[in-house]
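You will see chain A twice below: alongside chain B first, and alongside chain C after that.
Right, the complex of A and B next:
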């Protein structure tokens, strides 16, 4: 970039991307709250935050995939309209999404031409040449004729990058680009990004939750929390610990009673009010284990270890919190205990008996209840009624001669709807007609009504408001007090801290550490969640 | 929050999904829409007929009198509706479990083929013979459909493709059997100058379905009662039993089913087998009710019409009864029409127009129900 280009602002290079007071809410959840941000030419900017902090939403707004309610986006000083990805692309914005948008059975060059506009004839040799040229210039070697399905994840990402770079964008946005990469692949990617910034004056926005890599590659880091910009710091002056503190927050908007933690006195759980029942009642270390996982390994189709030798145990009446950033193996862990995945190695034991997962009724008969992170995925059937959803998996006592006893099911549902304060127009209303919080209560009610010996609760309060959240927490505590062993998977540290007796940290498919609740140092916990302690493969 | 707010109003002990009630004006609108779309269909059909040189008035009169105009016509309608309803029930079972069986034509043919083989082989009182024919036809249809099941659940082959292709295999099997004197081809009297045609011997009277009503030129067989009886049983099984509940769960959310310990493969292959069994039984009813023998092209579109009847009926199980009656009526009417010399292609087009005219208001009704649901609850996500 030549220095001749005078910027409109007083000092420093030109502001390429400017956001003014951008706000976006989904229903009652605020995703972006009055966000302002300036990205300069040639800058690599990091966006850091916990899950749900609004990083991805913010960048999707910039790229035109999400339409905000208020605010303004300026590209080199000129206003960009909202909600049109085609126009955003024309104005020089390119985004690589966390989940790739490639057509697997097609060769690379076809994938690259797919995003072309207009009615030009598809030019195979020209495109292939271009792919090789850009590849050589930035170290993004990909064979244009290779079929995408045959490529490793890192190579697929290079294809996505090539797709963007071919259009010579002014602003390149990468959403969690390293979450699927090995250490070596990440290092290579960072090299490419630095070169782009230095040689082309390319502005890059990098979304991530990994503290160290943020500091490694970015010029400045903006920390988001609950949809708000908390701070923007020079990467050279920041440390992982300071970033972790910014990311998690010194004080959190959730009432302290529900939350039960402060960051200022890490590890001093003594200061927590007595709102964490059960914990004091259960002597640690003497509980009979109701759930034991030993050395569980689950590999993806291409051989990445999604769960890598996971061993853990949950005692009777104990809540074991598994803290971790989403995508580090929690989904596989839930899938395993939801009867959806068969492990490639290792053993699952419930109350001492070995259980085959992935087929048959063994898991549910053994008394394992699951509240899945995505209730629509395997937690409920939207087209069925509230009562039928209650019946899902708890039919055993309600069937005579193969016929479901309507009266019994009706009574049970009526009771649960009352007990769990589920708001529904009738018991025969389709579950789809309930609000998200009430759908979640139906799932919770069903799973708890079976009095499971083990309950897996994955992100049980995700997307719920604070009231619903406190309610569900109370129910989980109650269940634990009643003897249920709860495996709580959450990317929300406040939730982990509020409920758990012990805390385990999951990172890249491994349990990195397990400690008693009282020994938790939040900053350390955040660092372990974000640290790149292991490589995939 | 008070208890009054949280306890839903409840009448009876319904636990299955009930569609929201709409204001009367909506139902009137659906009725008006039905009239309008029928008028439009008749208009289009009239245009088509006059362009192709037939008299619309004559044709419509033939269709009405041929389907409901006389006892002969009504009998034809009901005799057609029986096997169509059985096929439709089978299609419906598969659809509820999330599978699409479009191999009914083949399943009918194979069912009837094995049915006639048994019917010709045994010498037993009528009740036993009929039971044997029915059971064999159903079992043969089930096995035929299960071929697709094996491919689906062991190799992941789409059942839509395999059931469709198995139709052609089924036709060939029937054709092979009725063209081989040592298999099922009809015996001709010694010294006959005719050559044997590609068809089987007729069933003995012990293999004929009982007659419900009879008169000059018509004989109503009991196929329709069997079919309606099975429709009622199936509606109960689907709505009220554990089997039906698990089947619907698998169809709507297989992952939720697996989580609750229900195997989609087990439930799905069972559903496909039952689907084939009902189509095979339809073949048996056609055989014992009206055809009495098996020939090339035996299934004669009953499979496709049954499948359509199930699709038109949509999500309400018992709606297959009226929709099958409609298809039976259309078939009877077209039969008379074809006899008046109108080309079968045009007859088919007229039939299709009527089906569209009936389906359209139903689609509208479903949309309105969905919208009522959304407005009431503010939920718009899919």
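Right, the complex of A and C next:
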């Protein structure tokens, strides 16, 4: 690597990493669809896309952790076999994972030497010296003897980076590296990346959904959507607006009411006829709040704030849409309202009454229903029958002397299966045998059957087809019309726009903005979701 | 009085040695994240094989080696079922344990044998140290392997790359995988090591300590060895201390009546197990178990 190559040089810089028609699907979900990509020597390339756009999967394929169905990877023109991380590493590919590949109870130096293959002797002094040397060269200061579990997230990432740099990779891949970093730490990281690219001619692939940092550090940006490459642009010529538009695209399932509202003409939003279908007689702004969160703070074990002073309120019969890229605190918000997480600070009030959070059943008794984002994980029990799953939500009224009254349960289930048009072979069929859409209807039916005053719906239509999606939307609107206050958490803007009366934007555990649905400017919304700073509070 | 103490110490150490062989192997296996309950079955099978082997060859040494080989065979079955084709490791271990009881009892009824026992080896000088001399320096030959094995296990866990990788696999298999460490391969290897030592333990029991084979003669000592590892907080020194404690409890059970102390026999029989439960309840909180202990590993999607 004697010749440092200018990334924008027109004189055909060498292609270090070339992907040809790479495709990968997980079950019915297409993660990567016929992706082709060239990364040049000394280039910092951004991979931009929403969650689920296939960025991480694509790079895991390159690093050998995921085996694609079709396509070809070439390193400096030579084919790289699929699915072998050891060989990929030998060919000069190093990846800093989103979830770090560090062993917590071990000291830094052991973690660093762990990636040495073969029968190399475990050499404490040598490894420690190397850590200090590389640390000095790149400004990555880490104590080799510190236990990884005791380190802050930013420091752990430095260890991860050190591990990669030590092997002097030709291609360094970073998966959402800044999502855990402070502004200063990110700037320092970008400095390191630039030095790698400019001075050593190494190629860097940076995965992110943050527009501004993409433009700040990369030479070129490739935008992925639904597993496909949408475009590749020179960063110098791109703007956050144009990138946001490409990243979000136009969802084919967006109903007419949303399609009327284009990115180019945000002003039209207010004038779209029927954009707020009649759902509730309560005029907005005068609703009694059924759910109020004030100054909720949730911190991770290492002190990273997952929810940072979140305050919001949902009125009776109102749908408040919380827009945000997944992983910005939505999970914690759902967990909080499902009583799975105890907040470190703040207050939850339901219908004006303060609820003791973290105590089993308190929220549920107060009338808070939850449709969790991962229905298989915490929404339902797949091995149990439709009837049993429904009973899980309202056992109180159905148990006498500690015995479940089968007759009552049967009646309720029959009614709900009819009402919600759940397609199942029988009431005692295991939930596993139902389609995804019908499983979600069961969860929805269970939660709505209890007539909750607040319903938390997290990604309620994720993974469902258009029909099921429309049905669930209708039901949510209906529930709101009946007076239920709905907190809708979704990373799907089309869904947010189709349902919400008001829209809040969540970014890094903070509500950065709340606005009426009519005032939403999609481009601005996309920017706030992807923004790094919190100045807009 | 001194004689009595010497006797109890000697007996404690002899029983602890049986446990320690198995516990050293189990320690390594558990550090790799496997909970290898077939250590009991491996011990019992080895005990039988060593006894029969010594009878057939007329040599305690050959019998011992045959016993160790059988211990490794049991661990081969365990490891490949649980960490190659990924059958639940507890189910596998349970089945192997039951199988070992059945097969050894059946074979014992089929064959007549006169096992050959190792003779006592006395280290001159050292064995004359009061109280602990006999216990530590006058024992049947395989006992002295411990003086090499304890430092070896220390070195393996603290200094060797293999040990480092085992620890990584036991603490965070996903991270180990990302570092290119073959998780299941390391775990199988750790179980093989466990089988080797369970084999030594069983063979030492039959052709060393006792000089005979009786049905189900290990009497759940394999599980006590696992308890010693837990008691020791997955550290080497703790594990050694655990085996001494449980060995001591067992020795007291045997020797208290002989010393004229009268306790209900049922309480005596329960003593080592009560000691195990109490000690684990009180002491195992001190140190965390390997984070991925007992969990199977498979690469997830995305």
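We adopt the following convention: the second predicted complex is superposed on the first by the 460 of 537 C-alpha atoms of A that agree within 3 Å, B and C clash if a C-alpha of one lies under 4 Å from a C-alpha of the other, contacts with A are read in each partner's own complex, and residues count from 1 in each chain.
Keep in mind that, in the parts below, a residue touches a chain if its C-beta (ideal position, glycine included) is under 8 Å from a C-beta of that chain, and two chains touch if they have at least 3 such contacts.
Quick caveat, the model's predicted, so the values are computed rather than measured.
Look at A:86: by the touch rule set out above, it reaches chain C but stays clear of chain B. Once chain A of one complex is fitted onto chain A of the other, the partner contacts of A:106 are limited to chain C, with no touch recorded for chain B. Between chain B and chain C, the partner in contact with more residues of chain A is B.
Once the two complexes are laid over each other on the shared chain, residue contacts for A:354 go to neither chain B nor chain C.
By the document's definition of touching, of the two partners only chain B reaches A:424; chain C does not.
Once chain A of one complex is fitted onto chain A of the other, the partner contacts of A:339 are limited to chain B, with no touch recorded for chain C. With both structures placed on the common chain, the touch criterion links A:300 to neither chain B nor chain C.
Touched by chain B in one complex and by chain C in the other is not one residue of chain A. The touching residues of chain C, when paired with chain A in their complex, are 159-161, 164-165, 167-168, 171-172, 174-181, 288, 291, 299, 301-302. Interface residues of chain B facing chain A in the complex, by the touch rule stated above, are 1, 3, 5-10, 13-18, 240-243, 245, 248-249, 252-253, 255-256, 258-263, 373, 376-379. Contacts from chain A toward chain B in the complex involve residues 338-340, 359-365, 370, 372, 377-385, 387-388, 391-393, 395, 399, 402-404, 406-407, 409-410, 413-414, 417-418, 421-430, 432-435. Interface residues of chain A facing chain C in the complex, by the touch rule stated above, are 26, 31, 56-57, 60, 65-66, 85-86, 89, 95, 97, 99-106, 110, 113-117, 119-122.
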